[in-house]
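Order of writing sets the chain letters: A, B, C and D. Residues in each chain are counted from 1.
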């Protein structure tokens, strides 16, 4: 394995130290337990937003701590949910009296650890609401299963709920807005090459030189079908069709389009994906009103991308456009 | 070769279309010849900044077009300098009466094509100054050779000269500030894996599973030595020592530290590099006053990074901190 | 033969930690096949920590030892297994109460409480291809043995045997909970890692009881 | 035998375009070894465009044809070779002036002007491992042949022969200009792609002259 790291065992911590040094005015990194907290937390009277999960998805979630987005992020070990202790500690750190919202990607580990932490926080008198994000249409959903995974749609939930909290909405309102996003956001991803997991030094699955994997997650899980490589328009159609069918998104809908890189794919290719997605959507009269392109919810050095669509309303547009100042998303200030 | 693209022949154009769709208020993409121009160009009375070069280094330069940075970028084919025609056209498009600065990475092709374009622009009565960026210490410099390559330091030249132009400095002053940056900026890079060039579908050089290449450029050129992989602190020392020796940077200097990803390396690893670089510099009492981490001057999907140091002055800090609004760098508005 | 004491519980933790360490790579491989590959590592981290916690002997009852294990696993394992095993040990500790020793029926009740805790947290049913598929037959076998008057060690041996069979029986199943559920039919043919580790834990409990 | 006309110049472009297309991969491979691999592609693009430009026969003198080639190469090749070859053809066109035909000394003067244009733009000296190392011996050989009273075709054959030898002689050199200069000693043993393509271009010029 070749990676720019000291030791797989200190990878997460070393990365946090780098983040802290880069953004001293924005956030602080705490050590025992490990958390990333907004510099001015707790903000009195504001709903606190906490997210987290396994590491290896940077900038998700640590790069979204700051004004107008998360108040704290709890980074677990690579691809492993954090335990309840740091989640509880983060919840305490950002509790400014107006309650705390937990934004949790729908993986059993994350769900259970956040659940334990929420119970403990409530026992201390902190009002906690939880929103589960499950935007990945590659996974069959059913009430009898673990349900869908939470993937890049989480970025949109964090931005929009963060803006609502920043403007002073109460916990119930912020939670309702976040749940509204979850209801209207869908994603699907493709891998050209699997991530190499630092501890094992091995790719998490094997793809031949001409194969791609459709429907992958962000933890090195294989996807739902393996096909020969094809030009980008075909790949984009394979991602967008199930997304659009699922909600469904229909002609004349206003949408936010997120083209998300998986960590090992450069911006030039993501821009080409964006172009192909725009063409596909415009052929169906689905109107792309907002666009975000970049590597925001990654899977170590996996090559590939995901596409996310969110149905927009005027309120969501306003919250999306509202100022944000974090390591990875910044506009309006 | 597996990449997210339609066809290697349309790659640059498709990427530009994606960029244009993502930032309609910021820039426009012109077709004949291909250019990226700031939406409100030409800005009357402001020095126009033009840069460009082969594509494959995104967001350099196209992602830096906008308020407080470049007025136009001229993207050539992948790794191939543009011809004089689009450079001339860009120069015309951004000429607001106060002259135009060409920021050129020191490669023979770029230098010659910009030179021809500058001659033609001057013949049309446009005042043109040229600044050559040659920050790569991996290459031996001498008056008898092509000299050093321009690499990630170019981003700093574009930002700081862009801020000077935005505040209303005249052409001579902006050019002098840019040349001052060039005099005080140094970079060096490492590759863990070579880029795969779209036209050939082949990696531009071959590295064994446990080898890394020190001193690589941004065009898939091999570097100056090939060594076995080692933990990040060793790699960082191999990059920083020649940088610091060259200027030289000395104890108590204030510096800007840029850790730049090569396209295929995720943010988590770049954050670890940043941490290691901070430690190395702090051991030598070199004071990191500003930090930038991300993939800004890439080499397609090459895995690896470069480190850049710039000696700061109070004026440079102010110009660095000044508002910028481009696709890839944005703060203060 | 006397009931099981706090020393038994400590031995259980020691043997469990050793067994998890020994099978760390194997559990990781099972998890790599249908999950994310960290199950061995997660448990190794947790049981190493639990062993350090219970080692000093301050906890005087089986229930106190198991409660320490529960909180330590919750704080150190993470992933799905952390809260699930943590809750199992917490409920087991509650069932053990402050008794100094546990007889056969008490051991069977403790196992049933642990299983119920897992189900409460994870909402999995038998046949979902999770650790529940090891625990459920184990609880049934333990209850039957205890009802037949078996000693605690025998109750645990029965539970461990049934858990091993239950783990093996997860192989043909499609998963409906946990990460393996994303794979649909592709999970068929693979043993569930959590069921496999549950069988190891119960075998360690039996071994700890048998050696005294 | 008559002097060289505009038709010769058009034939030169046609044969040069064919030769560059034929050796495109080979030039690319030479450039991949010590540069960035695009030399074949850059020239192919440029000469295809130049051929399209001169094909209609509107240009009535060799100088007019060469001027069209120059501006087309400058606008389409890019990289280092675009401005260098563009300047070479521009200076050659200037040397040809508005003459209808070129005799031996005129051809030699045209090649010298082309070489001087390359040196003016690129500031390379002989021995720097660039296209100058093909052009310089070519110019010398052409001058000698013309001074000896050779016909234009013979002057060009001599130039082409010397350019080929000059290109081969770049192999042992360390590069001091262009991308290969970044490699230091590692460039030794590789032929300079621009010198190789220069030899092809001059061979095409000779062939165009010989066939009439």
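Here, a residue touches a chain if its C-beta (ideal position, glycine included) is under 8 Å from a C-beta of that chain, and two chains touch if they have at least 3 such contacts.
Nothing here was measured: the structure is a model prediction, and the numbers come from that model.
J.: Among all chains, whose Cα centre is located farthest from the one for chain D?
T.: Comparing chain centres, C lies farthest from chain D.
J.: Where the CA atoms of chain A average out and where those of chain D average out, how many Å apart are those spots?
T.: Their C-alpha centroids are separated by 56 Å.
J.: Would you kindly tell me how far, in whole Å, the mean C-alpha position of chain B lies from that of chain A?
T.: Centres of chain A and chain B (C-alpha means) sit 29 Å apart.
J.: Roughly how many whole angstrom separate the Cα centroids of chain C and chain D?
T.: Going by mean C-alpha positions, chain C sits 79 Å from chain D.
J.: Among the chains present, which pairs are found to touch?
T.: The list of touching pairs comes to A-B, A-C, B-D.
J.: Provide the residue numbers of chain B that touch chain D in the complex, in ascending order.
T.: Listed in rising order, the residues are 76-77, 79-85, 107-109, 112-113, 115-116, 138-140, 144-146, 149, 197, 199-200, 204, 217, 219-222, 224.
J.: In the complex of these two chains, what residues of chain A are touching chain B?
T.: By the definition above, chain A touches chain B via 2-7, 11, 14-19, 21-22, 55-56, 58-59, 63, 192-193, 209-212, 229, 231-233, 235, 263-276, 278, 288, 291-293, 295, 298, 300-301, 303-305, 328, 330-333.
J.: Along chain C, where are the residues that touch chain A in the complex?
T.: Residue list for chain C touching chain A: 28, 32, 35-38, 41-42, 74-84, 86, 121-122, 176-179, 181-184, 186.
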